[in-house]
Amino acid sequence: MFSVKMALQSILREKWINFLTMATLGVLLFIFFAILLVLYNVERLTSKIPSKLSSLVVLKDDASKEEIAAVESEAKRSKLVKTVDFISKEAAMEDLKKVFKSDDFILKGFGENPLFNSFEIKFKSDEDVKTSDIKALISKLKTHRAVDDVEFGQAQMESLSALKHGVRTIGVTLSTTFACAVVFISYTTVKILFYRRKEEIEIYKLLGATRGFIRLPFFLEGAIVGFCGGLSGAVMLQVLNKITLSKLTAEIPLFAVVNIPFTVFLLFPVIGLMLGLGGAVLAVGRVRY
Amino acid sequence: MFSVKMALQSILREKWINFLTMATLGVLLFIFFAILLVLYNVERLTSKIPSKLSSLVVLKDDASKEEIAAVESEAKRSKLVKTVDFISKEAAMEDLKKVFKSDDFILKGFGENPLFNSFEIKFKSDEDVKTSDIKALISKLKTHRAVDDVEFGQAQMESLSALKHGVRTIGVTLSTTFACAVVFISYTTVKILFYRRKEEIEIYKLLGATRGFIRLPFFLEGAIVGFCGGLSGAVMLQVLNKITLSKLTAEIPLFAVVNIPFTVFLLFPVIGLMLGLGGAVLAVGRVRY
Amino acid sequence: MIVLDKASKYYDAQAALKNVSFSIKKGELAFVTGPSGAGKTTLFKLLYLAETPDDGTITIAGFNTSNLKEATIPFLRRNIGVVFQDFKLLNNKTVFDNIALTLRIRGIMERETKERVHSVLKLVNLRHKSDKYPATLSGGEQQRITLARAIVGEPTVMLADEPTGNLDAENEDNIMKIFKYINNKGTTILIATHNRSLFTNTGKRVFYLDEGTLAKEEIA
Amino acid sequence: MIVLDKASKYYDAQAALKNVSFSIKKGELAFVTGPSGAGKTTLFKLLYLAETPDDGTITIAGFNTSNLKEATIPFLRRNIGVVFQDFKLLNNKTVFDNIALTLRIRGIMERETKERVHSVLKLVNLRHKSDKYPATLSGGEQQRITLARAIVGEPTVMLADEPTGNLDAENEDNIMKIFKYINNKGTTILIATHNRSLFTNTGKRVFYLDEGTLAKEEIA
């Protein structure tokens, strides 16, 4: 079609400036996705941190089986709880022996096992598990006759959930700000690219061109520039991925878990195209006669 | 001076396009510093993680004072070591009592203290402390007659230093990439801004203007646009700081530690100015007659 | 074909055109003259709707410009061929593409476009400049390209603003011949010029503008 | 003042100017004429060094353009006032600033600049357009602004390319009077024009260019 030819001609005519615009869009998208990937992978890494939220419910030595079962079912009913494990005093002794390692002769000195039966409760690590809720559950459990005491690593729990929350908040803030910036800069770049064309559009109008005829080549040009920009961004990301990340993984096995979903590379040109097209639509604006 | 007047006039004449350029520079600088700040604060946060690199040197019960002192001085001589603390078997017992908390009656069952004297060695947490060096030191210590065994949390140590190293590598890669991108986009924006001025420069030349006369207003314009861009970036960062961060701090006390050094705000306009000026210098290029 | 009824145009309270009324019949060839700044170009701008009159009404090629829907403006303009005083050529397109644009806008097939563009280029003696860019042409060459662009669409009305300002006597004659030729084929033509020799002894009507008012109208 | 010795200029193997030799004495007023595309503007471009000759040498205002250091070009140009065929006005500056630029470039004080700009504006009858932008002026007004800019620097050589193409007879006379006046004060002037009436019966030398060669030289 003629519009396509015109758009391509126009891009070729002003190679340099179009190249700059494409490169700008590419770099922007690249950075945007790089940020998103870092956030995505930080999220993945933090989710691999084993859930450390657990409590130890110490049971009285003289508690009956029924009383103990009541405590267990109370704990299991709660939505906050992931697992409830019964640890007999014998099992606890085995654990203690591990602490003293080869020196378990120390413990052999005991006549009777001096330890106690207990439940280890592991809580869910979702961010909607609130410390206050857990505290409420704990005081409930304490009312049971069978329960001697409940130990709960509160400080630990709070700092961990705060960290996760913080990472998430920073992530959302950063990527939102960034998305706005990318859209804005894309718009600006395309706008500046078309700013010089006012006169051209003026002449088109005077020759009797309809709105569609005037705008189509500009839209196509914006779309093509955006598409190519996105493509170049994808290439940059791939290069970063191959060079930096593979080096990093070789050095630090932890990073082997970092993952770039393939769809991202398909997204690049699409988002680039949309940015370029959107920028062109806004830049050309409403054509008035 | 006349050049200043001309630059100002030129900026005012093309308010819209200059505004876009300023805003673009502002947003870029803002993002750049936001990233740097995140990295800076992540660095600060990780450096607050207490050094967990320690070893326990278990001493034989029959070791003489001299032999023990030899071990201590050997450990202290190493550049890797931060502190060496002697823990007598009595102190170790106290610690053990703490583990059993209120249930210390268990331990009272022992006749003689079954524990041992030991040294706790804390290693420096610099990234130039290598696991291999620490292992070498440990095998050296094991050759002492007084030493029974050395316990060392190797896995823990490796994952922590890897994490720190990873954060640092990501940080450097990200901020370098970003710095390049900021410079590139600034250049592009300013270049596009001046692209339309070719004709203007041509006319200046034909009227007999010297190189300096032609270039000065452009440089001034670039500098002013860059300066204002930097200023607007500083304002954005301040807004983010006041709104987002203060909210975040209220919610998660951990973030109280986040800090924006004041000099950053002074840096903004300066860097903006340099970017604008540099862009203008490159954009105008060498004036030939 | 063209009717002006008390048309006025003000630029910041300064009248560029004041109460101008005249009418030109279909197929007529007429001239507008007057000193620099008299309002000739402004009059043309009103006719091809680059400006709207502040007062009065204008009818051209059957369209009444006062109650025109915006969407019909392009179609009005396709009926009017304009030789712009400042050429208004697109510097990023070749001579061929500049002229072809007029036809491409109308959706005319590429084959026909090629033929028609080449024939008008021959008419203004610039067939050999077809692939050049406007900036590499001499002033007179650019002016002739503008004329070629105006006539390639075979408009019903032709407005020529100072079409020979950059042309020598020989080219001037050639261009007047072109005007007469297309006028004979039925095109209504209005020519704005300072060059009295263009209209002396033609027997055509000449409108004299002075400071925005129609000072006199006479047969040359 | 101006000496051309076998000057030639080629654009893609096509000669725009071929072996042109002539010389113009200090204080002389001469004309260049010839059909559209003959090479008049190209000749001027060589004289004010917008183009370098592919062959031959050119001497103007005491400078030999073949062995000129780049840094002295601006100073050569300050001695030459040019009326450009395509005006070359800055659209983002007012009429006043456009003209004043010539003086500001030379570092002339603002007070003197103001006086001189206003006096040349009066000379071309556009004192009242001082604060307008070029795009809002009529074609003839723009042309006169270009002339005003060329003379405000009191150049030793004046090159006027088609200076009356957009002007009516009255303005034309006025401009020729200005040329004669500054010529009498000692400025060497070369005028390129299609308009024979400008030079007929002036008794000045006229150079006829045709397809880039100097076809003839005669006293009008």
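Order as written gives the chain letters A, B, C and D; numbering starts at 1 within each chain.
The definition used in the following text is that a contact is a pair of C-beta atoms (placed from the backbone, for glycine too) under 8 Å apart; a residue touches a chain by one contact, two chains touch by 3 or more.
Here the structure is a predicted model, which means the values were calculated and not measured.
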| item | value |
| --- | --- |
| Separation of chain C from chain B in steps, with touching chains one step apart | 2 |
| Taking each chain's C-alpha mean as its centre, the one farthest from chain A | D |
| Chain B and chain D, separation of their C-alpha mean positions in angstrom | 64 |
| Between chain C and chain D, centroid-to-centroid distance (C-alpha), Å | 29 |
| Cα-centroid distance, chain A relative to chain B, in whole angstrom | 21 |
| Arrangement of touching chains [line / ring / star / complete / other] | ring |
| Touching pairs - complete list by chain label | A-B, A-C, B-D, C-D |
| Residue numbers on chain D that touch chain B, as the complex places them | 48-50, 70, 73-78, 82, 84, 88-90, 92-93, 101-102, 104-106, 110, 149, 153 |
| Residues of chain B that touch chain A when the two form their complex | 17, 20-21, 23-24, 27-28, 30-31, 34-35, 38, 99, 103, 105-106, 109-111, 114-116, 159, 162-163, 165-166, 169-170, 173-174, 177-178, 181, 184-185, 188-189, 191-193, 195-196, 240, 244, 248, 251-255 |
| Partner chain D, residues of chain B touching it in the complex | 2, 9-10, 13-14, 200, 202-211, 213, 288-289 |
| Residue ranges of chain D touching chain C (in the complex, touch as defined) | 11, 33-37, 40-41, 85-86, 136-141, 143-144, 161-162, 165-172, 194, 196 |
